[in-house]
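Handing you a structure now.
Chain naming follows the written order as A, B, C, D and E, and within any one chain the residues start at number 1.
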Amino acid sequence: MNIASIIGLISGIIIMIFGIAFQQDSMSFDFTMVMNFIDIPSVLITFGGSFTTLITMEPNMKSYLGKLASFRLVLHTPAVNEIETIRSIIGLSNVARKEGLLALEETANGIEDEFLKKGILLIVDGTDPELVRSIMETELNCIEGRHKEVIGFWDKLSAMGPAWGMIGTLIGLINMLKDLNDPSTIGPNMAVALVTTFYGSLLANWVCIPVVNKLKINNSSEIQMKEVIVEGLLSIQAGENPRVIEEKLKSFLNPANRIEFDAAEGGEVDG
Amino acid sequence: MNIASIIGLISGIIIMIFGIAFQQDSMSFDFTMVMNFIDIPSVLITFGGSFTTLITMEPNMKSYLGKLASFRLVLHTPAVNEIETIRSIIGLSNVARKEGLLALEETANGIEDEFLKKGILLIVDGTDPELVRSIMETELNCIEGRHKEVIGFWDKLSAMGPAWGMIGTLIGLINMLKDLNDPSTIGPNMAVALVTTFYGSLLANWVCIPVVNKLKINNSSEIQMKEVIVEGLLSIQAGENPRVIEEKLKSFLNPANRIEFDAAEGGEVDG
Amino acid sequence: MNIASIIGLISGIIIMIFGIAFQQDSMSFDFTMVMNFIDIPSVLITFGGSFTTLITMEPNMKSYLGKLASFRLVLHTPAVNEIETIRSIIGLSNVARKEGLLALEETANGIEDEFLKKGILLIVDGTDPELVRSIMETELNCIEGRHKEVIGFWDKLSAMGPAWGMIGTLIGLINMLKDLNDPSTIGPNMAVALVTTFYGSLLANWVCIPVVNKLKINNSSEIQMKEVIVEGLLSIQAGENPRVIEEKLKSFLNPANRIEFDAAEGGEVDG
Amino acid sequence: MNIASIIGLISGIIIMIFGIAFQQDSMSFDFTMVMNFIDIPSVLITFGGSFTTLITMEPNMKSYLGKLASFRLVLHTPAVNEIETIRSIIGLSNVARKEGLLALEETANGIEDEFLKKGILLIVDGTDPELVRSIMETELNCIEGRHKEVIGFWDKLSAMGPAWGMIGTLIGLINMLKDLNDPSTIGPNMAVALVTTFYGSLLANWVCIPVVNKLKINNSSEIQMKEVIVEGLLSIQAGENPRVIEEKLKSFLNPANRIEFDAAEGGEVDG
Amino acid sequence: MNIASIIGLISGIIIMIFGIAFQQDSMSFDFTMVMNFIDIPSVLITFGGSFTTLITMEPNMKSYLGKLASFRLVLHTPAVNEIETIRSIIGLSNVARKEGLLALEETANGIEDEFLKKGILLIVDGTDPELVRSIMETELNCIEGRHKEVIGFWDKLSAMGPAWGMIGTLIGLINMLKDLNDPSTIGPNMAVALVTTFYGSLLANWVCIPVVNKLKINNSSEIQMKEVIVEGLLSIQAGENPRVIEEKLKSFLNPANRIEFDAAEGGEVDG
């Protein structure tokens, strides 16, 4: 569970509801005010318009539903552990140095990370270093390409929400202006017209833009981890000294993680 | 037929019409409301302005009509089959390894993909590998250039729609404000003025932006397939091992397709 | 004459005038409505503001007037003929192969394209290939740089139009709001205030944005033709086979032009 | 203390308060007007919405709080002293030339800059120059990456402020329009609705955008200093002449600093 | 004096004042209307807000004032003379060819351009060509970097103007709406509220955006001239033929300047 994202999403809506319900005069809350913001045709136009437009852009319904489902990625913490990964690469480099590259095959079986595993097997197979780099980087680019498609989905949705919200407001205004017989209905009708813009803004700013940014951050840490893996594997294949490899990979860590890494490593060495 | 795009386009407009017709008071639908959104001079100004502006940008009428006709690309599924293409390249590499590069000529006759065919013929002709790469990449860039021109057409139309919609609304407002004698006509006149903005927003958000994004996705999968072909052909020409070629090309597949590829291939090997 | 652009510009304004004049009630046209959109101070502020701002940005008045005059480029079809150019380069390569590079000097005299001519003379002078490429590419970059300055002029004008339109509307509103004594003048005064925004939008969307896009398309086809020339000349200098040069240059053509090229060439070979 | 930033932030708000309080009629100030701009639910919606949305985007609360705390960077002057750094690198190059690279180890202990220190130790360890460059540049990229994350935080906040301000205004308008019984409350209610947009604009333009730009400038001078260090260390390792190194590094200085540098150096040489 | 910029700035404001003062009814000018656009608190909020925000972004007050002062660059014509520069480089190449590189030292003393002078001295000192290029390019990048900082200053001011204009309008509207007792003051109060938006738009569109574009054009011609110098100096150092150097450098000229150059040169050769 990604606590920060869940806190952010939930507290955002709760604070807004309190803001809606707050009565300045009596310094009290009137939660029936929330009913002002619920309107069925507005839901139809704003969410209907936004989500069907996104269907039009997708190659097929399966791909559309898959991208919608990517929302759950925001609620999970990605299993990226930089320190752990660097340590296991250094472990591999020690194995390779002492027992040869072939000894890595056995170690590879215990590794969960598919990308690291594939890289080790390529090395064990004696693949040409240039080819290892090329295959690993093609894979990296394709992973990033897929991430960017998902990020693009939420990005387009964040543009479609306000656009269809405005279309809904235009529809409400046009309907209202065409028939102004009863002046007492002008206010409420205009309120309803504005509800679609409100929905569209919420869809964009409460959901889509945070999702886009969250996925971008997740993507960039995953890609950086994979670049560390590629760098590390090629160094192992080149038979570089484990100390040099460690120095190389540690420059990817931020200062806090570097201290943690050094501390833990010191302990290990002592142990 | 591209089901998702057709569903997206049709359901979008249907949902909007239901949203327009929905009567909150009586919880019923009044489809005569749709008439509020039909106005001839608004059609003239918004669509007339948007489409004639696009004519101005084109080198000639033929190119303009060709780009308009590209709309049908959205309704068709592009015939990109990654797995099939990779398999046929591996087949070619086996033929080349066993019977020599010249044996590819015969195989090339059975291939429909013009790009792949041209590449094979260049190899069979004994063209220098650097020249093969250069010719194939120039062709790739020119294909992408043509795609981008078409995408740009819809992109510019998606900007022109709202712009001419706003021009139409200004025209409506100015005409209305110049003559305010009969207050009862202010509302309906203003409604009509807003209809052009409504048209412009629909043109952009219901049609053009989805078309742009759809064509971008189509383009990027087609270009990636062609890059796989170039990579594969150059490997064949270099006489690389079919196993290595397979490993190289498989890194372009996403995990789902890779499993499918491996499954099918296993079966083939067994067969 | 570039028919498409002229049709686009003229039909755009005609359609708009019909949209303005159309009377929904009587289903007739009232062209006196066009007078609502003519206002002298609005012309002063919107066009005066936009065009003087552009003067401020230019190094001198001559450069400003030169860029304004570039409008005529939109009305002319650029004399870019891909097929013709490629054919004349292949012709040159045949001459060079049969009679040597020096024989090109005579042929060069008959060539109108200054860029191609300069390239041939450099080759005939025995200039080092690296230097030929460097000189030709510097020239190419400078041509593109000059095109981009002109495109930038219209691009900035397309931003200045709506900006000064809005300034004009603010001026109109402020003047009107300061003196609200006669309520019957509010409507017409507001109409006048909106006319500047209308002018600014027309300047941007009817003139500038189409000009920008037209010039961009012209630029990119001219630059591509010049890149074909550079590629071709260097191949001639390197003494490459005319067949190979043809193959190389043909990959720049789009499929339709390639068929036309092959057809015409077939005829020539037979002839 | 960074005087300019503190002056900018404080004088901005003070000038605005005087602008709010100024009474044109009596040419006096009425500071009770400031109360018009204080509204609790508006604070809840605008700031609550903006800041919780930012929580959603972060990997965890610690990272969120760390980025909020980066605000203090704006109030401090970064300890970047170009002249000092270049002079100490030239000092190092003199030491290295006279006493050998190993003599740098001792000097390194007196250096506070962690980045420069690390580089010296790599050189002293006899690390391969290519590896030194690669490690230093990875570290540089990671530092810049972390800076950009912080800058991105304030950039997103500068977009969220106005977005939630508009959501708040929509909420205020909808609540007001739903209940128009008492016309005398329309004005004040609409005023309150606009307060959220006011808050959002202030958050963006008074705080976030200046912070973003300040941090960008800080980042770019820090990165340039670190590039000077990398360039200098590699020159020292390559055993280049201290005079040449000085010439190289001085080209990074702006004219004013170069004069100051030359003046001081002259003095030193004399001393 | 840069006549075009001064004409642009002055005529822009004059045309606008005539637009403000023009009275459609009487076809006369009423310049007292200009008083509608003068309001002290609006000046405080819009200009105060915009300029103090820019202070916050700067490292110190000196840098802030220096950037403000860069406004004068718009009023001066930069002393960039392409033809002159190319001619003096060709002159240098002739000197170097006839009398050797060392003879350039004397010539360098008569040269005003600091950049060209520095380059010549580096060559005379026998600096390695790679190092000459590296030093000259670092200097070029740093010059461009400083130009971009100044351009960025005016660019940010062009964004801050409208932003603080809108904040001022919100302040005016909120103050007005809170106290609607006297309906006759609504109009004038709203007019005053709009004056800040008017100021902000003028600051951006009349001053800042033209300044930004002017400085960009100045920067790009200065940088191009400096690139010509680097190219020329390296050719001189490489001992290239003055004719070849001339050919190389002439490709940087536009056609008009090339004709002028050739004409003048012909005269010189004859003389």
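Note that a residue touches a chain if its C-beta (ideal position, glycine included) is under 8 Å from a C-beta of that chain, and two chains touch if they have at least 3 such contacts.
Note that the structure is a prediction, hence the values are computed from the model and not measured.
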Both-way neighbours, i.e. chains that touch chain E and touch chain D: none
Touch-connected components when chain A is not counted: one piece
Separation of mean Cα positions, chain D and chain B [Å, integer]: 42
Separation of chain A from chain B, taking each centre as the mean of its C-alpha atoms, in whole Å: 26
Per-residue multi-chain contacts in chain E, two or more chains: none
Overall pattern in which the protein chains touch one another (line/ring/star/complete/other): ring
Neighbour-by-neighbour ring order, given that chain D leads and chain E comes next: D, E, C, B, A
Complex contacts: residues of chain A adjacent to chain B: 39-42, 44-45, 48-49, 52-61, 63-64, 122, 127, 131, 134-136, 138-139, 142, 146, 149, 156, 159-160, 163-164, 166-168, 170-171, 173-180, 192
Chain D-facing residues of chain A, complex: 2-5, 7-9, 11-12, 15-16, 18-20, 22, 24, 33, 36-37, 74, 77, 184, 187-188, 190-191, 194-195, 197-198, 201-202, 204-206, 209-210, 213-214, 217-218, 221, 244, 247-248, 251-254
